[in-house]
Amino acid sequence: MSIETNEEFRPKIVAFCCNWCSYAGADLAGSSRLAYPADVKIIRVPCSCRVNPMFILRAFEKGADGVILCGCHPGDCHYSTGNFYARRRMTLLFSMLDYIGVENGRTRVEWVSAAEGVKFSQTMNEFVEKIHSLGKNVRLGDLRCKN
Amino acid sequence: MSHVNKVDQIKEISGVNPLKCMKCGKCSASCPSFNEMDIKPHQFVSYVQNGDIESLVNSKSLWKCLSCFACVERCPRDVKPGKLIDAARQLVVREKGQTYLSPDEVPELLDPETPQQLLVSAFRRYRR
Amino acid sequence: MQELINRAKELLESGEVARVLGWKAGDLPYNPEPAYFEKAEDLKDFVYNGFCGANLSKYMIEASKLEGKTMVCLKPCDTYSFNQLIKEHRVDREKAYIVGVGCKGKLDIEKAKKLGIKGIESVSGAEMTDDCDTLTFQTIYGEKSVAYADVMLERCHVCKGKEHQVYDEIIGESKDTKDAERFAEVEKIEAMSPEEKFAYFQSELSKCIRCNACRNVCPACSCRKCVFDSTKFDSAQKANVDSFEEKMFHVIRAFHVAGRCTDCGECSRVCPQGIPLHLFNRKFIKDINEFYGEYQAGEDTDSRAPLTNYTFEDVEPSIVTERG
Amino acid sequence: MYKIAKENLSALFQKIAGEQELYLPVNISGQVNFAAWTEDANVDLDTLKSVKSPKDAFFPQSENLYTVTKEDKKTKIEPEALKNQNFVVFGMKACDVKGVEVLDKVFLADPVDTFYAARRAHGTIVVMACHEPEETCFCKVFGVDCAEPVADVATWMVEGELFWKALTEKGEALTKSVESLLVAADGSDEAKVEAERCAIRAIVEKLPYSDLSLEGWNGDVLLDKFNSPIWEELYKPCLACGTCTFVCPTCQCYDIKDYDTGHGVKRYRCWDSCMYSDFTMMAHGNNRTSQMQRFRQRFMHKLVYFPANNDGMYSCVGCGRCVEKCPASLNIVKVIKAFQNQGGEN
Amino acid sequence: MQRIGVFVCHCGSNIAATVDVKKVVEMAAKEPGVVHAEDYQYMCSEAGQAKIAAAIKEKNLTGIVVCSCSPRMHENTFRGAAERAGLNPYMVEIANIREHCSWIHKDVEEATKKAVILARAAIAKVNLNTPLKPGESRVTKRALVIGGGIAGIQTALDIADAGYEVDIVEKTPSIGGRMSQLDKTFPTLDCSACILTPKMVEAAAHEKITIYTYSEVEKVSGFVGDFTVDIKKKARYVDANKCTGCGVCQEKCPSKKSLSEFNRGLNTRSAIYTPFAQAIPNVPVIDTEACIKMKTGKCGICSKVCQAGAVDYEQKDEIITEKYGAIVVATGFDTIKLDNYDEYAYNQSKDVITSLELERVMNAAGPTKGHLERLSDGKHPKEMVFIQCVGSRCADNRGKSYCSKICCMYTAKHAMLIRDKYPDVNVTVFYIDVRTPGKNFDEFYRRAVEDYGVNYIKGQVGKVIPQPDGKLLVQGVDLLDNKQILKEADMVVLATAIEPNPDVRKIATMLTASIDTNNFLTESHAKLRPVESPTAGVFLSGVCQGPKDIPETVAQAGAAAVKAIGLLAKDKLLTNPCTAKADELLCNGCSTCANVCPYGAISYEEKEVNDHGIRETRRIAVVNSALCQGCGACTVACPSGAMDLQGFSNRQIIAEVDAICR
C-alpha cells in the first residue's frame, strides 16, 4: 500500500476545520455516513482565525493540491469574531495567490455549522472534484518534496 | 428500451426523486382531473418508484392531466407528480417519432370545450 | 540644503536635539548615506539632494532608544511610515524632532545606468534648489543629459502627494511628480492569464538572492526577529533554489505588512536584482481599498488596520473566483 | 590567437553547449546574471557586471550535500554526487577570476572541499577583458589588470569581433572543440587587441577609486583596526541585509541546513552572510551581538584576517558590486577611506 | 525525544470493518518517537483504558495517540485515563479514524491508508506537545434565564430551589409564554392556566428569583462562570412599585383599537394594558404606538384615574448590568407565517384559523369568551375540518423540513374537546401520518376516534375555497379510498408548523452559541449532551432547542437547571490551558494582537528582557490566561510570530500539515 500507482491522480487535500462548527459538521457527516473522498484530511484548529496563511502555503509547499478552510458561519463564531478576521485574511491571501498565477480553485473557504453534515460532505465532494479538474499543484510545490 | 431505462429517463426528464414522496396525497387532493384519471396523481409517484412505466404509459391519466401544475405548486416534498406525467408523455411522444403538429394545424383541431389552460400548457411543453 | 544645515546647527547648539539624522555626502556623486550628526561641525558633510532616497523613519526605532531627541529629516512619503511606526509603538514621537523636507522626486541611479550612462564623475541638476527637470552627467565617456523624470524612482511617479503627515516644521520646496496611476501596473498583471501571471512572477522572483534587503529596509518589517530568521517555524531556509522558497518568502512578507505597508517603495528601491517588489504590497493595498474601503496606512496613528478590523458584510473569499 | 565575429557568437555558444554545459551572462527580467545557455536565452555581453558574481558556477548559492532517508527505524545516508561533467563559464571578468582564486584558497586548502574541487576540475573559464570599466571599479587596487585578464581562455571584444586566446590546457581543449568556428588572428589583429588594452588601462587610470591606497591594511594591524572607534560611526546606516555578501565574488561563508522533504531529509548548504543576526548562531546564542561587530567582521575579514592567513592576499578583488548595490550606500571603499582619513588626521 | 504510544481502537466493527487496524498499528510503530503501538476492541472501555494506563507505566510513555472516534467524543475520556496513569492529559492526541474515516469510506485499502495518515499527523503533533496545566477562574453564583415561558419558569424555579440567585429576562410584559395562551393541555385535558399560574406565582414570589419582564438581553460578554450581561428594561411608563394592578387605567383608556397580541390579534386591547388577567407582574405597560398621550401629548386619562399615581410618561429605558455564572436560553417558539400557503385561504377567510388561534377561541378569556363560533359571523359551526402538517415536513422552501411534533396531539385534543362540548359539530381531520409516541398519547388519539367519533382521513387537502355563502369548500383526498373529497366546512383549522422565536438568532450571536439551519439552537451532543450548548456555560431549555410538548419542555427545563446548578455549585472552574502566550524575546509590542482579541485578554507591560545577552526594557504583550479562550486570532495577527497558542502551536499545526502532505 505504500506504492502509489501513477495511473490515477489522487490529490492531497488539507482541510482546516474549526473545532466548534466545522469539525463537528465533519463528525456529523461521518455519523450520517455521508461519504466524501479519502483524499481529504482534516486538521482540527480551535477557530478559523487560527489558520495562518503560512500554514496554507506550507501545505502547498509540501505537496498539497488543495487547501480548504472551514469555520462557523459569520456571526456564529464560538469566539464571536474569529471568522471575520479569517475571512479577511483568506480573501487577501487567495487574491494574492490568484495574482501570482496560482489557479484560484485550489483554495477555498466554506462556512459549515455543526448541523451541516450534508453541507460538509457536499463541499468536500465538490472541492475534490475541482482539484481533480485542476490537476496536480505544480506552481506552489517545492521541487524537493516531489520524488 | 428496457424498463429500467425508462424509469431513469423519466427521472431524468422530470428531475423528480420519487423517494422523497411521503404519500400525503396533496397532489391528488389538488388535482382538477382526479375523477377522470384511472391512475391518480399520487399513484404516479409510486408507479415510477416501482418501475411500472408500462401501466403509466398506457393509462388514461396520461392524457387527462391538464398540466395545470397545481400538484407541482403544492407538493410539500418537491416531488411534483405533474412533472412525472409530463415526462411520461414525453416518452410516448418520443417513441412515436416526429409526429408533431404544425401550429397551422392547431385551429382546425380545436374543440370549444378544450380548456384554454390545456392549450397553454401544451404550448409551453411542446414548443421546442 | 543650507537652510536645513543652519536649522540643524541651531537645534544641536541649543541642545534641543542630541543628534541629527540625515544624509552624508558619499564618495561618488550619487551615493549619500544615512548618517547621524552629533556635532555642529560634522554638518559640513550633510547633504540633501535627489539621491537621498532612503526612508529614515526606520532608523528612528533605534534612535528612539537613545538619550535625548533626534532631529530627523523626513520626506513627505517617509512621514507615513513614521506615523505607522508610532501606531505600532515602535518609535517614540517625543524623541523625534521631525523636519519635513521638501521633495522633488528621488533618483534611481540604476535607471541612469540602464540608459547607458557609465563612468560617472559628477552629476548636476539634482540639488534641492534645482528645478529638477534635467540631469546632466559628466562621465569618463563624455557628458550625458537626461530628463529628470526618466531617472526617477518608480514610487515618485505614483507619489502619494507632497504633504507631510507628521512634522514639527517643514523646510524646502516640493514639486509634484505624480505622472502615473498607482495601480496601473497591478491592473496590468491582474488582466493576464494565470499562465502569464505565473510566468511573470516566476521570472521576477527567480532572480531573488534572499539578501533580505527588501525586508531590512522596510519600515513595516520592524520585527525584532523575523519569522524567516526564527527557528520556531521551520521557515528559515535561506536556500535559493528554483522552487518555492522565494514565493513563500515574498508572499508571506507582503502578507505580514498588508494593511501596514504605506507603499513607500523602499523594497523595490533597494532590491539588487531590480525585482518590482512593490507590486505585491500594492496588490494588497488595491484589494483592501476595493474590498474594505479606501485605506492609507500611516495617514493617522489611531485607526484600525484593515486586517484587525471587519464588518459583518465583508466580501467572502470566493470573490476571488467569482470575479474571474 | 583566434577571432570570431560577434554575430557568430550564438553559433559558438550553441557549439559549446552541444558538448558541455555553458554558463554565461543572461538578461532575465532586466537583470544580467550568469545562467545556463539555452536556445532562447537573452545573452548580454555588453553589461559590464552581472548582478551576482559568477562564483556560483563553482560555489552555488545552495547545493545539496546528502540525503538521509529512513526505512522503518534505520537511517540511510546518500551523499550527493560530485560534479562529473565538464562545463564552461563564458564571459567572466578579470576581477571575477581573481575572486575564484580567493575561493580556491579557502576551498582547496586542506581539508579540500570536494564539491568545490570537482566543479573547479570540470570547469573551464573564458574571461573577457573589460571594454569600458566604470566608476565603481577598483580592481587595479588589488593588482588585477582588466585589460589583460588571465584564465583558461582570455578574450577581448573589439569592434564587433571577439579575440580569443587559450592560456591553459583546458583552454586549448576548448579552443580545439570550437576551432571550426574560429578564425586565426593575424598581426593587425594583435595590434587591435593591444590598442584595446591601452585604451582600457587609460580609462582605469581615470577611475575615481584607482588611487585608493591599501596602506596600513595587513595582518599586523589587527588589534589597532579592530578596536578603532571608527567602526561605531561606519556601521550605523547598515541595514544588516546580505546584499554585499551575496553579490560579492569572494564571500565564501555558508550555512548548513536540513530540509524535510517528507520522504527524507536533504542536508544542503547555502550562502550565509556575516551581516545577518543569526549568522553562526549557536546554542548559547550569537558570538557577535551587535550589528557593529558584524559589520566590522566583514571588512576585517576581507582586509585583515584573510591576508594574514593567505600570504597577503586580500579577499576583495575590487569588482565594485557592493558599491553599486548596497541599499544604504555603504561599501568597502568607504571603509578603507574612513581609516585613511583618520590616519591622515592623526 | 518523546516516547509515544499509539492505541488503535476497533470500535467494535465501526472502525475495524473498514480500516485494517493491524496495518495502522504496524505503520504507526514506524513513526519517529513511537515506542509502543497496539489495537483493541474498545479503547474507551475500562479494559481499553487499562491497556493505555499499563503501557504508559511500563513503557514510560511521554505522549499517546489514540486512533478512535472524534475527539469531541472521547478526548476527555482518554485524557482522564492518561492523567490517572500519571501522564499530563495534554500529552494525548486523538486521530479521528471513525467519523472522518471508517464511517465515510467504503474501500478498506483507501480507508486504511487514510487512517495511517491521520495517525501520522497526530503522532507528528504529539511529538511537539508539551504538558499543560489548566488555570482557574471564578464562578459567579447567579444564573440568567432568557425567556419567561414554562421552560424558563421551570428552570428558574429549579435553580432557585437549589439556593442560587436567578434572573429571568422576558421580552413581553408578562411571564407565562405560549403555555399561558393555551386552553387545555394534552393528554390529560388539564386547564393550562390552572397548572401554569401557580408556577408563575411561585416564581414571582421566590426570594431567589428576580423577574425582568418587558426586558431584553442587550449584550453578553465574558465566558463560562463569569458572564457579564446588559439587560435593557424597556420603559413601561408605569411605576411597578406604585401600581396596585387595579385595572382602572385599562378600563378608562380611550384607545382600544390595538390588536391583542395575547389573543393572536383576534380581538383588541387598550393602549395601556396587561396582556392577560393573570399576568405577572400585574403591572400594565403603555403601548407608545397606540397611546394618544404619547402620540399627541393630549389625553393623560390613565394618569388621572390612577389612584396610586403610578403612570409615568417620562420613564426611560434602563440598562442593568449583571454578572452570571450560567445562562439558560428558553426563548420558545412561534407559529410560522402562512403567507406562502394561499391554497388554504388563511388570508382570505376569517374562518380559516391556526390551531393556536383556536386555543384562544376555545378559552373562556378569549375573544369569544370560550364559545366555539365562526369569527366571520359569530355563527356556531357544524362542520369543522382540521388540516395537519401545514408547513411541517416540507422539502420545498415554503415550510419547514422538520416535524413540529405537537400538532398530532393538540389536534386530537381540539377534536375531542369540540366533540365533547358540541356533539353536533362534525370534525374531520386530514392527516398524512398520526404520530403519537409518548405516555398515554396513542390512547388519547384512539379515544378521539373511538369515543368521540372524530373522522380521521388519510390524505391531504389540496385547496380551501371560500364560498359566496360563507362556507368553505374543502377539496381533499382520501388515499385509502382513492377518492377525491369535496366537503363543505364552516371552519378550517390549520396545524401550523412552529419555528423558534425569531429573536433567538440575535441572542445566539451574543452568546456565540451555534444555531442550525432552522434557527434551533444546537445542542452539544445530539444524544449525550442534549441540554448543553457547545458554548460552555450556556444551556438550552424548551423549544429553542427543537420542537417539544409541555411535559418534555418541563423535563428539559429541569435538566438544564441541573446542569446550571452543577456549574454554579463549583467555586472555581479549571480554565482551558490551551491559551495564547507571547514569546517575550520575539514580541515587538506593536499592539496588533490586542486589536483582534475578542476578550481583552492581552495587555502590555514594560519589561526587562535578556535577549541573548542584550538587556533592555521592552514593551511586551502579556496574556491573561483566565480571560484567554484560545481562539488564536492573535497568533496570526502577530507579524513576528511571537504569539503562539499552547496546544495548537504553529509548529504543531505545521507538523500536522507536513505529515498529511508527505
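Chains: A, B, C, D and E, in written order; residue numbering restarts at 1 for each.
Here is the rule we use: a residue touches a chain if its C-beta (ideal position, glycine included) is under 8 Å from a C-beta of that chain, and two chains touch if they have at least 3 such contacts.
Since the model is a prediction, treat every value here as computed from it, not as a measurement.
Colleague: So if I look at the partners of chain A and the partners of chain D, which chains show up in both lists?
Modeller: Chains touching both chain A and chain D: C, E.
Colleague: Starting at chain A, find the fewest moves between touching chains needed to arrive at chain B.
Modeller: Between chain A and chain B, the shortest chain-hopping route counts 2.
Colleague: Tell me which has more C-beta contacts between its two chains, B-E or A-E.
Modeller: A-E
Colleague: Find me the chain with the mean Cα position closest to the mean of all the protein Cα atoms on display.
Modeller: Central by C-alpha mean position: chain A.
Colleague: Using only Cα atoms to place each chain's centre, name the chain farthest from chain C.
Modeller: Chain centre farthest from chain C's centre: B.
Colleague: Would you mind pulling out the distance in Å between where the CA atoms of chain D average out and where those of chain E do?
Modeller: Each chain reduced to its C-alpha mean, chain D and chain E end up 72 Å apart.
Colleague: Any idea how many Å lie between the Cα centroids of chain C and chain D?
Modeller: 30
Colleague: Using mean CA coordinates as chain centres, what's the gap between chain A and chain C in Å?
Modeller: Computed value for the inter-centroid distance: 37 Å.
Colleague: Residues of chain E touching 2+ other chains?
Modeller: Counting only residues that touch two or more other chains, chain E contributes 596, 637, 650, 654, 658, 661-662.
Colleague: Hunt down the residues of chain D that sit against at least two other chains at once, touch-wise.
Modeller: Residues 259-260, 262-263 of chain D each touch two or more of the other chains.
Colleague: Two-or-more-chain contact residues of chain C, please, as numbers and ranges.
Modeller: 225, 227, 233-234, 241, 307-308
Colleague: Quick one: which chain pairs are touching?
Modeller: A-C, A-D, A-E, B-E, C-D, C-E, D-E
Colleague: Which part of chain A faces chain D closely enough to touch in the complex?
Modeller: 62-63, 142, 144-145, 147
Colleague: Given the complex with chain B, which residues does chain E contribute to the contact?
Modeller: My answer: residues 343, 389, 393-396, 398-399, 430, 432-433, 458-463, 475-477, 479, 482, 484-485.
Colleague: Of all residues in chain B, which touch chain E in the complex?
Modeller: So the residues of chain B in touch with chain E come to 20, 22-31, 34-35, 40, 42-43, 70-71, 74-79.
Colleague: Which chain E residues qualify as touching chain D in the complex?
Modeller: For chain E paired with chain D, touching residues are 30, 32, 612-614, 658, 661-662.
Colleague: Once bound in the complex, which stretches of chain A touch chain C?
Modeller: 53-54, 57-58, 60-61, 74-75, 81, 84-85, 87-105, 107-109, 139-144
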